[in-house]
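Both complexes below contain chain A, partnered by chain B and then by chain C.
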Partner chain A sequence: MSEKIIITENLVKRFPVGDGEFTALNNINLSFEKGEFSGIIGPSGSGKTTLLNIIGSLDSPTEGSATVLGHRISDLSHKESAFLRNMHIGFIFQVYNLLPVYTVFENVEFALILQKRSATERKKAVMQALEWVGLENMADKKPSKLSGGEGQRVAIARAMVKRPELVLADEPTANLDAKNAHAILKTMKTLNKELNTTFLFSTHDEKVMDYLNRLVRLEDGEVDKDDIVQPKYMV
Partner chain B sequence: MKMALQMAFKNLIGAGLRTWLNVSVLSFCFIVIVFYNGFLNGWQKQGRLDAMNWEFAQGQLYHADYDPYDVFTIQDAHGSLPEGESQHLTPVLIQQATLYPNGRMNPILIKGIPLDQKVINLPIDLLAKSTADIPVFIGKRMAESAKLSEGDQVLLRWRDQYGTYDAANITIAGIFDTEVATIDQGQIWLTLDKLWKMTGLTDEATLYIADSQYQPQPISGWNFQSLNSLLKDFESAVQAERIGSMVIYLVLLGIGLLAIFDTQVLSVFRRQREIGTYIALGMTKNQVLKIFTVEGGMYSIFAGIVGMVIGAPLFYYTATQGINIGSSAEGMGVRMANIIYPAFGPGLVTGTLLVLVFSAKLVSFLPARKISKMNPVNALKGKLS
Partner chain C sequence: MIKFIFKAILRDKNRSLLPVTVVSIGVFLTIVLSGYLSGMLGDMIDQTARFQTGHVKVMTRAYADNIDQMPNDLALLGIDSIHDELNADFPDYRWVNRINFGGIIDAPDDNEESKGQGPASGMAIELFDKNSGEIERLNLVNSLVEGKIPTKSGEALIGYEFADKLGVKVGDELTYMGSTMNGSMAFAEFVVSGAVRFGVASMDKGMIIIDFSDAQQILDMADGTGEILGFYKDEIFMQDQTAKMREAFNAKYADNPDEFAPIMKTLAEQNSMGTYLDLIDSVSSVFVIIFVLVMSIVLWNTGLIGGLRRYQEFGIRLALGEDKGHIYRTMMYEAVVIGIIGSVIGTILGISVTLLMQTYGIDISGMMKDATMMMPSVIKSKFTPQLLYIGFIPGLVAMVIGNMLSGIGIYKRETATLFKELEV
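And now, the complex of A and B:
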């Protein structure tokens, strides 16, 4: 049996709204195993991103628990959650969030600098990550000179360069055309296969769903469906 | 820290014009502060040196009744030192007199000093060459105000030891040039022997100028004034000027720091996604806070570098060529040379830079503190929380 790296138990997240509260997630009980290529799907406002943020230790549950890689998120201090993200979790965002003053190389290298890796080690790892995403010739370019697809591929390289156990991708194809979306999904699927990295997507993009092995559907903050599926596209 | 420095450096360089506008304002502050302090340092150093060389040497021994700020004490404040007490001391006798240049009446001081004195720079020995009956030496300021030239004869009236008025024509045997107005304006110098003869106050002096080997010891009827106490008023004037100039520094610094503060407030607001990304990538909020604070400090380091590049030629030129302030300061009652050579030491430059760095870091830290309260999820969304 595979190792469970994400476990949520009776997870509830509420946000204060005016005088009352809004329940974004209600009684979520899920687990994800190592090496999964899964997605949390559902309409806008269903709680996908909130769940991803809690799993990524950027936020904490109001009730219940989320345990990621053996760490109970609500028990982590700021420093401990930063360490968890730094060492074990990669993030891919909808708007790439590349640092504009850095080159492609430096953007990817940044994650390794935070891990205090040596310059030689960093260079080797960054070039390999750029090779994975096919951008090894664009290392010196600034993000402003890249197309949307290239920018997102840099974000994938940045998330993957430290070889994390878990990659959280929040609507990674939302700003991409179909061709670029397929290209980056193939890249991620390949990395999932080759490095056995767990990928967890938050998406409502059909193209993404066509690559996933498991679809967890959220509806108004609750798990509506949790299906193992046969992906349309294989790598 | 190394990472924070590298990131702050890249962020500032990447920010382009915004950075250089802030750096320009701060470097202007840096140049003005260093320059004005250098000017005050130069003034102080030069004033002290001139006072030593031309007037006070290593200190002065005053007759107990003598008060340089009270003209009524001058006429009667004179006496002789006990036998054997005058070693390493040069006597100066001071008397009140009236000069009548071109029919005008000028109250003045006449000062007698030995012809062979070496304790101050006054070239009194030049009087030895004169064949005039009463040859005197005056400074250029005195010559200008009394409209006297070398070789002119002018009527002088003074009082002798009994208080009896006497008068004679004196001859301007020489005009000396000095930066020290207090031995020039409103006074004439002649040999002590001649003044003794004119007043009948033989072997008497109002004060004695001490050389470097003089060891002060209590002498009845005489008070020793150390160089520091003689320069106390001058030092106070410089100090007052320094305090006054603090207002200018504060205003200048305030403008520069306000620019940084404004930039940082905007930065924290505009760069929320970036802050969120740093946190998502594994930085702690304190590490992000450090980057923003270091960025502020780095503005001032850039300003120091730019200030030195632009200011160094100016500093070098003024320090070697001096700043001619003419005679504008003479009426102010402070000791000030016509040409001031500013003194820019490494301490001044480093000290000013440290003040800039510290204050810039402080004003950067204040808006950046918001980061520590920022929700990373909202930061990633670019929502102000």
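And now, the complex of A and C:
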């Protein structure tokens, strides 16, 4: 039996708006198994990013629960949330969000420094992560010298370097052209297969959907559809 | 992590250059102004001590009560025994006699008619006693505009503007008219041996300086003096020490009801000098407080601007698994590093300029033409060991406080809100 690494039960998230409240997520009941390559899709404002933030322990539910890798998010302190992210969750963003003052190597290395790994261990892990994304020769470059595709590949290396069990990718191809988007998605799919890392996307990009095994469609903060699909592209 | 922080500080000029510059300038100004003010007030006090108050002054109680009138009729008599007592009790001090007196100076022409006349403020000092140190103490040699220091009885120094007013030159005769300590008329003739310029209008326009023994004779003050001034051997005023001396000396005469009994007063008790001394003590504290407040506000704003610019970075770091407390602490480390760099630069520059100002000073004689206050004409800074930390510590503290205040924003914002800064 596959291990469920994300479980949401009757999850509700409301935000205060003026004197009232806005319900961003309503009664979300989902579970994701280890090794899934899934996506939360839906139009802007449907609650995709909010759900991803809660799963990533950056936010907590107003009602109900979200359990990630055995940790109930609403029970975690700031420090415990940070520890969970640091050790087990990788993030990939729409804009690559690399730290501009650091080199490619240092950007990827940062997560491992937080884990207090030794310099030798860090170097080995960073170079391997850069190899995964084909950027081992650009380790000393600054982010400003990279193309959009290269920047996003560094972001993938940064997310993967600590070998997380879960990677959350929020619109990772939104700023990329088709060629680069496919290259990135292939890389992620390969890592998903080779390392059995769970990938959960938030997207409305058709190209991304073509690689996913499961599509959860959100509409106005509620689950509209949850389908297992045959991906168009395999690696 | 520390290595990582250093790299960011060195590479990101926006993160380091502006705060380092602000801290450096603040520390520099604090040190320079503090050194300058200490020097100026210190010089004023030093000059007043040398010319008027001594570090301590002994006189009769009655004289002390009417000191503004230069009341030589209330002078201290039997001064040899008082000197013996002072030398025995306070051997680290040099004790000198002074008589201040007033009168009219008349300058006769070749026909013995008056060609110029004016009121004079006279000061009798121990010019002929080389051990008294009075010539050096009053900087007479350097103050000479023409002529020489009196070397024999009957010679006098005169303020250079006073000499112009009377129309006298070196070698000319002057007649002094005044009153003795007993109230009878006093007349004396002097030869002008030199003209002096002190840079203080009241002295340059009406001062005459004669030897103490001449004044004793003219004013019928044999075995008497108006004042006995005490100077610490290195000419440095020691406030606490003089206060103890005064207590010890005055205690001896506490039971003596005579108004002519001697009394000792410290520099701090004369000519409102206590206020100046307090000012010197407080001026550094005031500077430090103002500095910390102003710099904290400036650095707070600098930190806020920098912090806002860095919310994206904080968001990334949160996503990578750094907790808010760690981010806040690294901000503090950065603040300490930047504060130290800025403070070191500011301290080095500030002390360099202070040392230059201590050597060369600023000539304010042009502004002092009509001054009646006893102030030196060249204001010099004064380097004190205090300057090594007076700017440094506040520079560091202000930088840390500024960053602490601006960094509070990290805590005030929800993680997800901060994280949303990423959604550019």
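To be clear about the criterion, the second predicted complex is superposed on the first by the 235 of 235 C-alpha atoms of A that agree within 3 Å, B and C clash if a C-alpha of one lies under 4 Å from a C-alpha of the other, contacts with A are read in each partner's own complex, and residues count from 1 in each chain.
In this text, a residue touches a chain if its C-beta (ideal position, glycine included) is under 8 Å from a C-beta of that chain, and two chains touch if they have at least 3 such contacts.
Just so it is clear, the structure is predicted and the values come from calculations on it, not from any experiment.
K.L.:
Should chain B and chain C be called a clash or a fit once both complexes are overlaid on chain A?
P.N.:
With chain A as the common anchor, chain B and chain C collide in the superposed model.
K.L.:
Could you tell me if A:87 is touching chain B, chain C, both of them or neither one (first, second, both, neither)?
P.N.:
both
K.L.:
In the superposed arrangement, which partner chain does A:56 touch: chain B (first), chain C (second), both, or neither?
P.N.:
both
K.L.:
Pick one for A:78: touches chain B only (first), chain C only (second), both, or neither.
P.N.:
After superposing on A, A:78 lies in contact with both chain B and chain C.
K.L.:
Give the one stretch of chain C, out of 3-11, 111-119 or 363-371, that collides with chain B after superposing.
P.N.:
3-11
K.L.:
What is the shared patch of chain A, the residues that chain B and chain C both contact?
P.N.:
Chain A residues touching both partners: 53, 56, 58-59, 78-79, 82-83, 85-87, 91, 93, 95, 97, 99-102, 106, 110-111, 113-115, 158.
K.L.:
Where on chain C is chain A touching in the complex?
P.N.:
Result: residues 1, 4, 7-8, 11-12, 15, 312-313, 315-326, 414-416, 419, 422-424 of chain C touch chain A.
K.L.:
Within the complex, which stretch of chain A touches chain B?
P.N.:
Going through chain A, the ones touching chain B are 53, 56, 58-59, 78-79, 82-83, 85-87, 91, 93, 95, 97, 99-102, 106, 110-111, 113-115, 158.
K.L.:
Under the definition above, what is the set of chain A residues touching chain C in their complex?
P.N.:
49, 53, 56, 58-59, 78-79, 81-87, 89, 91, 93-95, 97-102, 106, 110-111, 113-115, 158
K.L.:
What residues of chain B sit close enough to touch chain A in their complex?
P.N.:
Listed in rising order, the residues are 3, 10-11, 13-15, 273-274, 276-277, 279-285, 287, 375-377, 380.
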